[in-house]
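The structure follows.
The letters A, B, C, D and E name the chains in turn, as written, and every chain counts its residues from 1.
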Amino acid sequence: MSKPKVAFYWCASCGGCEEAVVDLADAILGVVEAVDIVFWPVALDFKRSDVESLYDGELAACFINGGIRTSEQEEMAALLRRKAQAVIAFGSCSHLGGIPGLANLYSRESILNRVYLEAPSVDNRDRVLPKERSEADEGMLTLPAFSDSVRTLDQTIEVDYYLPGCPPPVTLIVNAVNALLSGNLPPKGTVLTGDKALCSECPRNATKPEKLSLKELKRPHQLIIDSKTCLLNQGVLCLGPATRCGCNAACLSANMPCTGCLGPTSHVKDYGAKALSAIASLLDSNEAEEIATLAQRIPDPAGTFYRYSLPASLLHHRAGNGRT
Amino acid sequence: MVQQPHQRRIKYQAELDSDFGRQIAAMPGGEKVYSCIQCGACSGICPMSIYMDYSPRRIIAMIRAGMKNDALRSQTVWLCASCYACSVICPRQIKITDLMYALKQRAIQEGAYPKRFPIPVLAREFFQTVQRDGRTSEGRLIARVYLRTNPWRLLKQASLGYRLLRHGRMSMRRESIRSREELQTLLRSVG
Amino acid sequence: MDEQFEPKLIGILCNWCSYMAADLVGTSRIRYAPNIRIIRVMCSGRIESQLILWAFRSGADGVLIGGCNPGDCHYQEGNYKALRRVTLLKQMLPQFGIEPERLRLDWICASCAEEMRKTVEGFTAQIRNLGPLRLQTPPLLKPIKIEMEVSRHVEA
Amino acid sequence: MSGFNSSTNGHPPRIGVFICHCGTNIAGKVNVPEVVEFARTLPFVAVAKEYKYMCSDPGQEMIKHDIQQYGLTRLLVAACSPHIHEETFRKVASEASINPFLFQMVNIRELVSWVTEDGHEATEKAKAMIRAAAKRVLFHDELEPKKYPVKPGVVVVGGGIAGIHAALVMADAGERVYLVEREPSIGGHMAMFDKTFPTLDCAACILTPKMTTVRRHPNITVLSYSEVVEVSGFVGNFKVKVKKKPRYVVEEKCVGCYECIEACVFKEPRFPNEFDLGLGKRKPIYVPFPQAVPPVPMIDPETCIQFRTGKCPKGCVNACGDRDGIDFDQKDEIVELEVGGIIVATGFDTFDASRLPYYGYGIYPNVYTGLEVERLLNASGPTGGEVLLRNGQKPQSVGIIHCVGSRDENTNRWCSRVCCMYSLKLAHLMKERTGAEVYNFYIDIRAPGKGYEEFYDRLLQEGVHFIRGKVAEVSDWAMTPDEENRLVIRVEDTLIGMVRRIPVDMVILSVGLEPQRDAQEVTKLFNISCSTGNWFMERHPKLAPVSTMSAGIYLAGACQGPKDIPDTVAQAGAAAAEVLALTHKSVIEVEPNTAFIDERYCSGCQICVGLCPYSAIYYDEEKKVAVLNEPLCLGCGVCAAACPSGAAQQHLFQDEQLYAEIEGALVGVG
Amino acid sequence: MDYLYYPGCSSKGNGIAYEESLKAVFDALDVRMDELPDWNCCGATSYMSVDEWKAVALAARNLGLAERQADGKDGVDMIAACSACYLGLIRAQRYITDYPELGKQVTAGLEAVGISFKNRVRIRHPLDVLMNDIGTERIASRVKHKLAGMKVACYYGCQIVRPYATFDDQQSPVMMDRLMAAIGAETVNWPLKTRCCGGSLSGTVPETGLRLSFILLKEAKKRGADVVATACPLCQFNLECNQGEMRRLFGESLDLPVVYFTQLMGLAFGLPSRALGIQRLFIPLPAHLLSRVQEGGRNVRV
């Protein structure tokens, strides 16, 4: 019997997820042993036509990282969906939108203007903006369409499983691949990690005080962080309580707060809103002005609470009323 | 004493302006006329009420009843010295002094004030002077009011005027501001 | 605009003060604009950002939260917790192009019928002035849990 | 997790929607038939019906019948506020064997028909709210009301006539009562009065026997000179901490002989007696008034030589002798009580007349408040019942000014309800005792009680003057010779239409009633609310006038609003009956809107632990999760809102239920 | 500049001594007070009777001009010494906030003539500034000759505390009494200190208007006052200059001096009487009183 065929693809992402696959190190050999990788643009020279030539459902699984911003990404996602029995959203960007998803705080126009006209390093005297079709000596040139917002993978195609994280922790990937190979799969739609928040596996949780309250909020560079005690108790905004476990508190072992890349637990509809509610509840004041002052210590609340999940949020994108 | 013929004391509904109360209630100061409980504290504290034809309390009752003519033609509103004692004591926080202003304006608009009664004339003269010059000069103002109402009194007051002049307390100089046009533009734009 | 924009408003009120006030407005037969839909919770401290954003997402142009006066919370300090969340959320809303005025937190005591009316009228007028909230949600929404469960049930 | 699967055994839910006309209250504005048609189109609605009065017996029977006939599994009633009939319809559901919590009440009266001008708008709003409820009810779970045993015993806070009467009623019914009074003696304001209107009974004659009965009653413990400092727990299970302030005379050892007072180093009373409002004098060791209960003296450390210098011959200690009742080292003592119910009967305060300087109180010595005059008239008062001016003379004329600090937006808006009658009473007594001319200055005479109007008529016959007008000022500024050296009352006699100046020798200000100065703190202590003006708020102005929004806590007397003695006693009896109805149950059912924590999803982050106002959540070190101690949870939902992983939820207000309701209220609305 | 100063029309005529003494006293206390450039009438009583909105606009122009002087500071304190001006300016501010439509028109009207307006001026009465900003301690330390033995009836009049009491009790004000105590004078207990003097009625309906003044003076005299101290040019005029007319009307001669409270302060500070406008009084201060107030080197001219 031939080995199951799998594909890897990337959309709007940074490439870190690909690195994570490479980081599997020894484990990757096992994977290669067990499956046949038929499509992996970052590592292997297969073309879109190769995928198109597969029959529908021929891929046992397809791992897609990155959010969906362009028409090309959308087409490829649809194509791979058709060819794969199981689609796994791989990494924060395809799971929740990820860092590129923060672009949803800006309109399409302002992004293009910024990148092609306004950025200090740009030299574009003719004020040329990319166009989907442009005449050239060589004939008609085309570019993928740049859509209005970044979408998560499951806002584009049906997704079977999610491998969360930025990038997904190695153990989670290995467990996922093993589950796929063994056919021992959880219900469709599952996020392939535990369904508790990070505090459950954080060694610092034992140091939580009886009543947690935030008298002040500091950013990591503004203090010397004690390496043993709970960061919230030190006044550092750690999103561990709101974020899924599975990374073994990796950032915390590097003495940095959790920023939420594994996303919410299954009982939370909107990661950022819920994290905001939890953190705000802890602000240690009952005076409106004092609360406002404390809240202002979080200079960029959207970026803080939705760092990895803006497109998956209830609001998804900046409202149309706004001017910017 | 001369026996007065019996004066009829009755008000027919047809003589009333049923909308008058609402109109006054819509003017600054009139907001709370419908809150009045007729306790009379305003009239009790008012230093002038003993000279008025209707006490402030009765004026409010008349407004609510729609007795527009009687209210506007009463001397009461013109005898109000704007001391605000009533506004402060009113248990319903009716701004009675401001209400009197509202009635004065209505009376002047409708030409319904007591004729040759000097106060409305003073008001009008004052208004015109300020409208023109931006300031008033007391001496000139008083002289003009007396001329228009009771020239005889001006003569009687002459000695007082003389004393004021002598003590440097009155000038017949016309006071005026620099930006008179600016002021007039402003005043035209409001109202 | 030919026709006056009629905003859709959600009011989430605490059981003990602001909902009582809303009841009292009714028993006092005081009229107010019909735009608001009132949801009752036990305490404003139960209200959190997900509910508020969900209301916006579901089409609300404004969300009013009513709690007890400071110090009067039936559950000691729930209203302060609401205040903390609303303060931080209001700080974030402009980043999403949402005017913070679309979210309003008011303390309305159980006997404050007139204040309740004023609040609702004022809020309705304010949101009417702001115009509709135009959210840009993607064409293919992540299937929300409710629909999944309902549809699952229908299959069953 | 929530969801309707669990409770319907996999069968699709069947919702019944019942829409009430409430006579014309709803149907006069909302197009009910249209709403019924609309309800029928909603998912899972099996039946939708309307009825004139859904809360009536036929209405209830119809619902029960339809539940059986249509096999309904969820129930929705659109009618009035859940605060009025939620319980009624839950019972209906329950009797028709649907779990009562698979029911949702939609308030289309208070929130719709009564507040909406336009009929079409009202109809649309009613539809939206019904759609919201129909979505929400799908996510309801079967719940059982929480049941807790009820502890016996009642704390009555306030030992005025309200507290005394309530305590006696309950004690006679066999209930254990703790009567807490912050003054040294029970009796309250009534003990200060001379006579009571309109019957002119002597206040002491009708009150002191009751006070004595309280003291002797085996079921009543009087905690005088004591204050409630903490209340925790919930209906049927309150814990009340009471602070007993030191009297420096040991209550248990005192026999009430008062020899200590006799023996005090101060031979004559020198210090203003609080009970006589400073008009009389007392010693540093004293009983506030002769009939005080308990009849135990107390020492005022502010004036006692021993406390001030430590060098007193201590006549009191010697006089007490072997009984050893004096204890200068007495400290605050905290008593902890466990009871099933609480009656708050903290009474009122009188308006501070010095807030209105134009009435001259505190400026002119012969301006008194009504309460001060009660003491002057009282036979056991500072003057032995003789009414004398400060210069020792009898007044020839007296002006009584009504509505001082009442019916006035600058002070208190309300009518204090008792001032007219007590002014009439004082007018009668003044006339009777001094023969003076008595002038009453009133805005309106309010005499609506039994025998009150008759009393007013009696006063008119007695020749007391009544002048309709709110007094503008009291001054010592004379315009005429007969005004010299007297107080002049200036007023518009509104019936004559003239301003009058009336010189009098004495002015009595009929000060209004106000909530106790610390009413706000008391509400916080007992978790009850205040209505406008800080009077304590009843659960319903007509149907639950002695209950509060906090189950198990009841109101009696003037703390709820100005009241005269008959009304106070009636209300105290009502409160006593309500408490007895509670404590005579063996168990109490409590709304199951408590929180719950699904430990499968709890990461043990403990955010909820610190936020819970009742310390109902603790962290289980073994399991590393937060655990709810359910009996302590009062169901605010703060934990559910703050839980960052959604593990903490609140019954009846779960996330999914609220999402469904919000969405239903909005989506599809025109 | 410590304060802006709004003089009002009276200060250039009948009330000139008020302005003179006020300036002298403020100078002596080292408090700077700059006159508002090109101020106009406050829109007082009479104007209000004709057109309320224009009256508010009139007052608002002064407020706008004051804001211009604020040099970008958030708000500015402007002293209005005349009671009618004080009230007129404050009332305009209240009307602008209480009646938004009026506020909108006035603000727009001002902007159209180039005056930006935010309604941020604080209108202050000299009594308010003296008692609450400068304080009795500083005032007392400046006193050279205590006005010992001088019995003063403090007359506040109506409009500085009513209806918008901002710095004193509206029913029984005390600031002037305390100020007089600070300069060593004795004040008489007098229940009429806020009762109306008849205001503008004394000129228009003298028989009734003057009666009010007469009652006040008579009672002050009865209670042993040597002098009445006022804080308003109109009150001072009514109470002092009309005493002759009162004698004619009511047949009783009062001869009670009526001065501005600032004049008494100046005397206590030892300032030259001319600088205080003492010579402008119709009824001179009795020599026996003045003689107790030693004047620095010069004789008091009466």
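Heads up, the rule we're going with is that a residue touches a chain if its C-beta (ideal position, glycine included) is under 8 Å from a C-beta of that chain, and two chains touch if they have at least 3 such contacts.
Computed from a prediction, not measured in an experiment: that's the story for all the values here.
Asker: What is the graph distance from chain A to chain B, where chains are linked when they touch?
Answerer: The fewest touching-chain steps linking chain A to chain B number 2.
Asker: So which chains are sitting against chain A and chain C at once?
Answerer: Per touch definition, common to chain A and chain C: D.
Asker: Starting from the Cα centroid of chain A, hunt down the chain whose centroid lies farthest away.
Answerer: B
Asker: Just how far, in Å, is the C-alpha centre of chain E from the one of chain C?
Answerer: Chain centroid spacing, chain C to chain E, equals 52 Å.
Asker: Let me have the rounded angstrom distance from the C-alpha centre of chain B over to the C-alpha centre of chain D, please.
Answerer: Taking the average C-alpha coordinate of chain B and of chain D, the gap between them is 49 Å.
Asker: Compute the distance, rounded to whole Å, between the mean C-alpha positions of chain A and chain D.
Answerer: 56
Asker: Chain B: which residues touch two or more other chains?
Answerer: In chain B, nothing touches at least two other chains.
Asker: Of all residues in chain D, which are in touch with two or more distinct other chains?
Answerer: 358, 611, 638, 641-642, 655, 659
Asker: Could you say which residues in chain A touch two or more other chains, in rising order?
Answerer: 268-269, 274, 277, 281
Asker: Got a list of which chains touch which?
Answerer: Those chain pairs which touch are A-C, A-D, B-D, B-E, C-D, D-E.
Asker: Residue numbers of chain C touching chain A in their complex, please.
Answerer: Counting only chain C, the residues touching chain A are 48-50, 52-54, 56-57, 70, 77, 80-81, 83-85, 87-89, 91-92, 94-99, 130-138, 140-142, 144-145.
Asker: Quick one: in the complex, what on chain A touches chain C?
Answerer: So the residues of chain A in touch with chain C come to 105, 148-149, 151-152, 154-156, 268-270, 273-274, 276-277, 279-281, 283, 285-286, 288, 291-292, 295-296, 298, 300-303, 305, 311-324.
Asker: Quick check on the complex: what are the chain D residues that touch chain B?
Answerer: 358, 403, 407-410, 443-444, 468-473, 490-494, 497, 499
Asker: For the complex, give me every residue of chain E touching chain D.
Answerer: 169, 171-172, 191-192, 215, 219
Asker: Flag every residue of chain E that touches chain B in the complex, lowest number first.
Answerer: Residues of chain E touching chain B: 9-10, 12-17, 38-41, 43, 45-54, 56-58, 61, 95, 98-99, 102, 105-106, 108-110, 112-114, 157-159, 162-163, 170-171, 194-196, 198-201, 203-205, 208-209, 212, 241-242, 244-245, 279-282.
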